[in-house]
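Okay, so subunit A shows up in both of these, paired with subunit B first and subunit C after.
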Partner chain A sequence: MATILVVDDEQDVADAVKLVLQNDGYFVLVAKDMASARDILSTGEVDACVLDVWIDGDTGLDLATEISRDAEPVPFVMMSGGGPGRSLESATAKADALGAAEVLFKPFDDDELLAAVKKALGK
Partner chain B sequence: MDEAAAAKRAAGVAQMLFQIGRRVLEKRNADDLHAVQWSALRYFARTGRRTANVNGLSQFLGNTTGSSSRTIKSLVERGLLEGTPSRTDARSTVIKLTQAGRRALRKDPLNDIAMVLEGMEPGDLDQLGQLLDKVDEAMRNARR
Partner chain C sequence: MTDSSSLHDHLIPALDAANVGWALADRDGVLLAASRAFFAATGLDEAADAGGRCWFERDAAGPELKAERRRLWTEFVASGKPWRGWLRWQLTESKARFFEGTATLTGDGKVMLVTNDRTSEIEARSAAKERTEALRAILDDLPLAVAVQDAEGRILFLNKYVPLRLGLKRRLILGKKPQALRRLNLDPVVYRTMVDFLQKGTPAGRQLIEVTRGPLAGTSWLLFAKPLFGRSGDLQRYVTIAVDQSATMKLISEREAFARALAETQKVGALNDFAGSLAHELSNLLHPVGVYARSLAKNPDHPDRAYYADRISAATMSAGSLLRRTLLMARSDDDPPSLTDLSELIEDVVATAKDLNRGSIRFVIDLPGEPLRALIQPTEFRQVLLNLLNNAMEAQNDRGTVTIRGIKGAVPPRDLPLRPTASGHFVCVSVIDEGPGLDKAAADQIFRPFFTTKPKGKGTGLGLPIAQGLTMGWGGAVAVDTAPGKGSTFSIWAPQREG
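Our next item is the complex of A and B:
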């Protein structure tokens, strides 16, 4: 069973994503801030991440930057619904440049989320 | 480095960026698409069903819905996009690429530069991405 880390500070979104992934057979961990996300990632037990672009600013992309610099980067999917300072087009370009398996624009359907996670896991 | 020399070097790098952009855009045919129309085609090629609409494009581009609506209309008139009624909400329209739209994307001017970048060392590409992101951020901050 693959372990997926969901990083989103919006409780409703994190819960919804968790439920969809759990129902499809994944083991899901949720982090609501960057520090918790880093702690969970440091265990080495995460197979893929689903990250929100906006977590108190730009930090979702900052976390993606850190992940992409690991010797063995954890594959990740970005979720984005717009936010301060950076257009979605710019955030998407950065996520692509960092190697995101997929960028999901909120709101998205369950099947789109599952397809993106499968892509991240190389299935 | 003194101020004048630093300004000259900055202008040289700015010129390099500008020339790369111009080279990419010069490849367009006379009847080809504007940069915002290419962005819209790229958006509809990758977005999901629930965001394949005027609001979604407007949020993606960071412009008004009126402006995005005009961009979509121009692409529909050229046969590159089409609107179909949503299956879940009869009042809304889902925008999709037509076959001609998918064919047009194969000639996206971005592909040329992406192909050149693919040939770079991964470390150089990573560094270039970081530097361009810094430039992008500084320009966004300057506009605020």
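Our next item is the complex of A and C:
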């Protein structure tokens, strides 16, 4: 059973994503800010991440950049719901460049999420 | 009654005292007698008047002038008719005197000469002429058009700039009335303005004209007219000066266009921010709704179905509240900005804030004691200031002092992130709090929609963006000066106008 880290500062979104992944049999951890996300990642227990692009002023893309620099990067899926001055194209382009398995735009379908996570784990 | 010898006794000294000299000569021009004034003016020596030399050949004049005098003298003596004319007398080669004089043949065949020394008058006239020429030379070099007219409006002088810029020959309108400008094929409006301006009835003044047609199309001119009066107060001359203001006017219009473009860019930037932020908020509300709804559809008897339904309902209500707040940002153009004294408004809003004061906040109002007139929309100003006061009260947990300061004649610093688009001076109304202050990252984002430093559920993140949007609508701006531990000063920059 794979361990998935969900990083989103919005509790409701994190809960909903967690619910879908749990129902599909994954073990899900949730981080609401960058610091706790880094802590959890440093344990080496995470098989894949689902990152929000906009996390309370910080950006999930920064975390994705850090992950992509690791020797063995944890595969990740980006979620985006927009943000001030942020176009969908710019977020997608940047996530692709950092090696995101998939970019999902909220609200997205449960199957889209599961397919994206499966794709990330297969990488 | 006096006899002729007594008249002679009085007349001679009187003539000597005046500039008038007299001399008696024979027909060959040899002086027989002359007055002191005559000798003094001509520089001839009474004692040395010997040898029978002709008087008019005894100055420093050249041979040509002397020959001419000889010809005139011979002609006069032969004709027997009185002569009247001018005599240029060369004292030295470079120094001359000018006499106006008469010559008459007496009964006994002698010549009576009377000379009137007019040298100072001639010299003054020639000096005036030189000054006029020098002035003309200066006026010709000036990069502006100068016209001088007489009291009837006839154009007496035009400097070189006029033919240079208008491409007309000066002689076409010199000596003519302003209507002669018709030849210039000017813009009709400009022609009428110029004629009105140049004609009597515009005794003095200044006027800006913009030329849209004719050879000067696209140029702007500032006209000045100045009447010159004589000693007795009668109008003698007009001086009209036209200065090409095209470059200045172009600069002004470019600056206005730039300000408009800047305002437009700022609006687009604000709209981009707003759209992104709204999308972010809504997508975060909608996504869980989808998850719970699908879960309920798949399994209507799910043990958590009541919880899912609650979440869906709560998210819907949050979305509704978000949309209502968003609508507050949409301004109405029904009430245009009006000239308002902010001092009264400030006192009024602070009174309202005192009513809302739940704790022990003290308000200090610091105003200059004179009206702070600005072009603003009063209801909106009230909303903006009340928002800032509310933020201040919350930032210092309803304790301590909040200072409200108003100054006029303020100039916004160059490094304001959002520059006011109005020009001129500003009234700056500041709300100074004793709260914790903000770090740079927070200060940079504080005007972004949905950004809030308040605990979740407390701030809407729309108060300051709305305040900023309303203030921008009057050509002003809201700015913050803050640092952690130093409190925050929020300033409303409102375009200052005098009544």
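Annotations
FYI, the second predicted complex is superposed on the first by the 121 of 123 C-alpha atoms of A that agree within 3 Å, B and C clash if a C-alpha of one lies under 4 Å from a C-alpha of the other, contacts with A are read in each partner's own complex, and residues count from 1 in each chain.
Note that in this section contacts are C-beta pairs under 8 Å (C-beta built on N, C-alpha and C of every residue); 3 or more make two chains touch, one makes a residue touch a chain.
Since the structure is predicted, the reported quantities are computational estimates derived from the model, not experimental observations.
When the two complexes are overlaid on their common chain A, residue A:P107 makes contact with subunit B and with subunit C alike. Of the two partner chains, subunit C is the only one that A:V13 touches; subunit B does not reach it. Applying the stated contact rule after C-alpha superposition, one finds that A:A97 touches subunit B and leaves subunit C untouched. Once chain A of one complex is fitted onto chain A of the other, the partner contacts of A:W54 are limited to subunit C, with no touch recorded for subunit B. Shared contact residues of subunit A with subunit B and subunit C: 81-82, 85-87, 105-109. The part of subunit C that touches subunit A in the complex is made up of residues 269, 272-280, 282-292, 294-295, 311, 315, 441, 445, 448-451. For subunit A in complex with subunit C, the touching residues are 10, 12-13, 15-17, 19-20, 23, 54, 57, 80-87, 105-110. Residues 39, 43, 46-51, 56, 59-62, 126, 129, 133, 136-137, 140 of subunit B are the ones touching subunit A in the complex. Residue ranges of subunit A in contact with subunit B, taken from their complex: 68, 81-82, 85-90, 92, 94, 97-98, 103-109, 112.
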